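Here's the structure we're looking at; comments come further down.
Should a chain be cited, it is by its letter among A, B, C and D, assigned in written order, with residues numbered from 1 in that chain.
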Amino acid sequence: MASSVLDAFEELDEHGRAAFFRYLHRDLAPDPVAVGDAIARWQQSPSQQSVQRLHAVSESPRQALLRALNLGRDGTFRLVSMRSRFLEVLAEHPELEPVDQDFLHLFRSWFNAGFLKLHELSWNSPSSLVEHILEYESVHPLGGWADLRSRLEPTDRKCFAFLHPSLGDRPLIFVEVALTEEIPTSTDFITDLDRARQSSSRTVATLYSINNTYPGLRGIPFGNHLIKQVIAHVRRHNPEVTTFVTLSPVPGFRRWLEERPADETRGRRLAGEADAALRPGTTAEAVDAVRPALTAAARSYLLESTDSRGRPLDPVARFHLRNGAVLHRINWPASTGEHVINQSFGLMVNYLYDSGEPDPVAATASGHATSTHRSITDEETA
Amino acid sequence: MASSVLDAFEELDEHGRAAFFRYLHRDLAPDPVAVGDAIARWQQSPSQQSVQRLHAVSESPRQALLRALNLGRDGTFRLVSMRSRFLEVLAEHPELEPVDQDFLHLFRSWFNAGFLKLHELSWNSPSSLVEHILEYESVHPLGGWADLRSRLEPTDRKCFAFLHPSLGDRPLIFVEVALTEEIPTSTDFITDLDRARQSSSRTVATLYSINNTYPGLRGIPFGNHLIKQVIAHVRRHNPEVTTFVTLSPVPGFRRWLEERPADETRGRRLAGEADAALRPGTTAEAVDAVRPALTAAARSYLLESTDSRGRPLDPVARFHLRNGAVLHRINWPASTGEHVINQSFGLMVNYLYDSGEPDPVAATASGHATSTHRSITDEETA
Amino acid sequence: MASSVLDAFEELDEHGRAAFFRYLHRDLAPDPVAVGDAIARWQQSPSQQSVQRLHAVSESPRQALLRALNLGRDGTFRLVSMRSRFLEVLAEHPELEPVDQDFLHLFRSWFNAGFLKLHELSWNSPSSLVEHILEYESVHPLGGWADLRSRLEPTDRKCFAFLHPSLGDRPLIFVEVALTEEIPTSTDFITDLDRARQSSSRTVATLYSINNTYPGLRGIPFGNHLIKQVIAHVRRHNPEVTTFVTLSPVPGFRRWLEERPADETRGRRLAGEADAALRPGTTAEAVDAVRPALTAAARSYLLESTDSRGRPLDPVARFHLRNGAVLHRINWPASTGEHVINQSFGLMVNYLYDSGEPDPVAATASGHATSTHRSITDEETA
Amino acid sequence: MASSVLDAFEELDEHGRAAFFRYLHRDLAPDPVAVGDAIARWQQSPSQQSVQRLHAVSESPRQALLRALNLGRDGTFRLVSMRSRFLEVLAEHPELEPVDQDFLHLFRSWFNAGFLKLHELSWNSPSSLVEHILEYESVHPLGGWADLRSRLEPTDRKCFAFLHPSLGDRPLIFVEVALTEEIPTSTDFITDLDRARQSSSRTVATLYSINNTYPGLRGIPFGNHLIKQVIAHVRRHNPEVTTFVTLSPVPGFRRWLEERPADETRGRRLAGEADAALRPGTTAEAVDAVRPALTAAARSYLLESTDSRGRPLDPVARFHLRNGAVLHRINWPASTGEHVINQSFGLMVNYLYDSGEPDPVAATASGHATSTHRSITDEETA
């Protein structure tokens, strides 16, 4: 029966799906009478039994439905796809938000990081598995299978993924790692197919790309667990590696610089100078002249600009700093990719995971503050 | 941190554990003030948002704790073991029941049958896996590895299990199956190591033993899903098999017969006659003389005696009848095992899973009623 | 030591290799004195002992050397590569032929078909394995990984290979199979990525491409064993398949037609007409007009033209007819590939493996004769 | 066809088998006329071609037969079994020896150590594989599966085997290894199920048992290769291990001592004293009093007593000394096993594989001589 409900859903067109989700929203809400009864009972005798009853009757019947659908053939995969469809509808109909809470509640339980298994992907992995890297790598997209092979070379490149047993051979998330001699300051190393593979002194592991593959799992956190497990794994298998960094984009920098309220004129002028310095034919001196002001602005954006809840404005900074990393270096220009130019004038940064085994977690709380004082360098790059 | 909490728990002695669970019970209850606030808000405006908030604040903080512990090393396995310990304490301290509700709530979500994978175990499976059959088979215990091998002979014996990826190589539950020419009327076939393996006409699959291995998962249902998946699997791989039955114990029969209120004297007399007929040296005629009355009583026990909620009194009957099977035949004596004698004078029954693929579920609702009228046979066997 | 000899060989340039093989030829021959002694002994007493001794002393010491080298790291793979190099030298220095006899003697023993394992390759196979199909498919070369995936679609395409445990993940030989509704008359189906995958009536298995991957194993026969095992495998797993055919090239047809001694003028004229009919803009009628004569000539070439040992002149015909197949149909034009045009005016043929399980072998001896009378059809194609 | 010949052979009784092997011997010998022709040709022109021809015609047709049988179902396994049967017949009919030469010639080629794969067996290996250890361990037989598990505990016990892809899951040979803190002087550690598994200082790997499982492969050498590969493997995976020794039986010692020609009276007296010292109730002093003379005699037997070809008389000593080991220590009494008492008064020895990686082979030639002077110790132990 679960299978046939899922089959029926997948036959629906756009309108049918919207109607289905409206039905979930409107008709599958908790019964107000039962809630009222449970409240009366609790108010009369506020025991654990009565509060558990209150908890039970206030649970949306949608959750029971979703749990039952999970029993259908490929149920988990298809429910994740269903939420992906739902998110499209939600964008147009924000009033359906309560339905999303039920998806999230269940998915957080089902995809608890304790159930995810770290897998190392290699050129010996099934083609049906590694093809997903080709498809979902969006940070540094791959040109084809030769590129893919290059990123799976075991001597100096690695790829790790979380797989979930109910989601087949499509990873939930994967991270690509390069073992290098130095902390990289630009993306050139990624596409270098002719690099020397052998080296005795690869002491740096650079996590240069993290990608999710299931839109339907938006909001379920795995990235921090993946990074921690990957670092622990590399530490164990490549004891010569002592430094763990990222080479990360700064997605909101241009927009912030061009619009920051404090000194808009100055911000726009600096943005214009940065763009000018990147034009073909510019001299290295012209770039050098802009760099100090641009990296200072970037530092200010990354470490001092916060949202209303005090969190870093930049989403990537927010992720890594909360995750215990510190901002290590600001590199400009680090990439000539059009996307990176649009986001940040080609500027990218290294976050440093300085995790001695004992306390990868301890740093988390104070990550942001620490990083202000300790790790930012002034001589950012060449 | 999760790991160290689990480590600390596992160091505790009996008293320490009881104290820990009392702490969970007393100190990790929902905050009454927050509950009160959420109630007020809902009463003011009974929207989905306010009922979801009510649901959220009435959730026990124990659940958040258990979810966090699941992130520790072997977290899932160790939480299942923790509940096993908890159940020991609960037996002495029934007031801790609310804690069990939280274990159950999480485990039902985590071990949703949609996440379990059916595995066929064989003599080619790892020793570390099949040794659990040796350890946990309690219906027809194994004498040793030769016995085990005999039960994994692929020509006429099979064994299926649900494994969960976070619980290593110990199955959650397993079922043993024999492919036979006839519906078995006694347990003799189980221990027959010298049987002929080859046969062209094995059209009966007998599910003769189902065992759980995790006391900590008591109350989480997998048995019905396992049976359905096993039947579908055998149907696909052994198309010559057309009949699916069990050979099941009747655990409450003796007690019921000796104590049934309706006609206690007659019940006790029949019990005495059954025991007498089983004594060494009895003639076949003596057995035949008792059989009609004894099987009639068993039929009455299995199909007509219900608890206060209208369910069959016998737990095994309750399981199979609710699961869509019908009572097919009552066999006496079917086993001379001491345990079976104590439970049911050596009487055992076949439940028939007459599941044409389309509607294994359809039968469920009417399973009990149907079986009364249709499938019980009068010439039970010897 | 074996490893270092192999290392040293692999460092040699072209001249060094030629010198090495000349050394093997000249200096590693059997000792004539020992041979003379063994002859004398045998002539004196022609026992089994003395003939075994004669056999032993007449064995080239090269064989002992090659056996010892096989113990080196990756020894087998590197010896196969060594022979590949040797064959290049042999082409220039035919006097080294005795050295090849020793390679062949050992390789026939080592790669006895009894040691080869049939593997079914699929999109779930390691990338490092299936990439060899991309590299070595020369009959119908692949455009890339999308093409490769299409040829590994399990619903209607299959690929089988012999792997040898000492040669890693590069197959010795592989065959590609399409399950189709009809016996194919042209190569169009091979590159059809948009075909319907599902069909209830695929009763034909077409073996449309066989490729070897190791030049160093030239002359070691596996193809016939592979075909027989593949047919048996498909028969077992796809019982709906009842017809096994090839779609094969006719590599020597053009040359034969243009040069055949019997009636050279007529042959050349027909070749010219065939070429003219293939030119762009030709009408279907023009093609139809040439077809009867061209297919009759092809039939004559394939079934009546033999070499001095009475074997079919055409190497592909020789292989399949000796292997028990019969010539089933001549298709023209079957391919517009330049290579096929050059070989055979685009003409290709189906060989039919009519192997009822019991006697795949029985047909072998009379394969050729049978095919003359029985299976060639006159209405070859459209 | 190959399969049916093998089937027919396996149906034969003892007499049938003897007749079959006599037929192989008598009727499948090389053709004397062809041999005579090839001789004449070679004498006329002693080229490589003519000696290769001589080699070819002097090959027994039995080899072609065996190669063809290898193509049958399970051909390799069944030919190995056939030789096992043949060896039984050969023991009664030594005149059939030439047939064995052909088996040996083929098997040496097929089971060239370059084709064998080292496998580490563990408790996670298939039961169908590890049960062969139970069956074929004859040096220190196992009491059952609990014993087996103990010998596969990964923390301090290991087991390695050579498997051949055509012989299924029965290893050709396996060796059991214990990681210990000291070089063991008795067999007590083998059966100690209650030992402490964890230890930080296991620097000694003791190869305490080597067993072959195929009687039909007698005379095909794998033991030396296995030992070298195992040492290399442990060295790589357990870098803390620096010492590799055996604890080996001395099978011919008692017989030699009781019969040695030089001083028979003295030998018999010493043997009597050794036996007396082993009787129940003997004091440690009585043992100590006999030890110096007994170990001196053992040293003399092992290192100075050679056969007509100058090789050590003792077969185990011959194997290890030729393989590059040196005699390290003589232990008495090392075992109270009846078999060991009968062979050597319970005396056992350690052979030391002092193989620094670079030259495991270099030691081979001088192994015996070296050991006389260097490694035997005088304070043998109790």
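Worth a mention:
The rule is simple: a residue touches a chain if its C-beta (ideal position, glycine included) is under 8 Å from a C-beta of that chain, and two chains touch if they have at least 3 such contacts.
If you're wondering where the values come from, they're calculated on a predicted model, not measured in any experiment.
Graph distance from subunit B to subunit C, where chains that touch are one step apart, equals 2.
Chain centres here are C-alpha means, and the one lying farthest from subunit A is D. With centres defined as mean CA coordinates, subunit B is found 42 Å away from subunit A. We define each chain's centre as the mean of its Cα atoms; on that basis subunit A and subunit D are separated by 58 Å.
The geometric centre of subunit B is 51 Å away from that of subunit D, both derived from CA atoms. In subunit C, no residue reaches two or more other chains under the touch definition. Taken as a contact graph, the chains are arranged in a single closed ring, with each chain touching exactly two others.
According to the touch criterion at the top of this document, the contacting chain pairs are A-B, A-C, B-D, C-D. Those residues of subunit D that touch subunit B in the complex are listed here as 123-128, 130-131, 144-145, 149, 169. Residues 1, 25, 29-30, 32, 35, 39, 42-43, 46, 48-49, 51-52, 54-55, 58-60, 67, 70-72, 75-76, 97-98, 101, 106, 109-110, 112-115, 117, 165-166, 225, 361 of subunit C are the ones touching subunit D in the complex.
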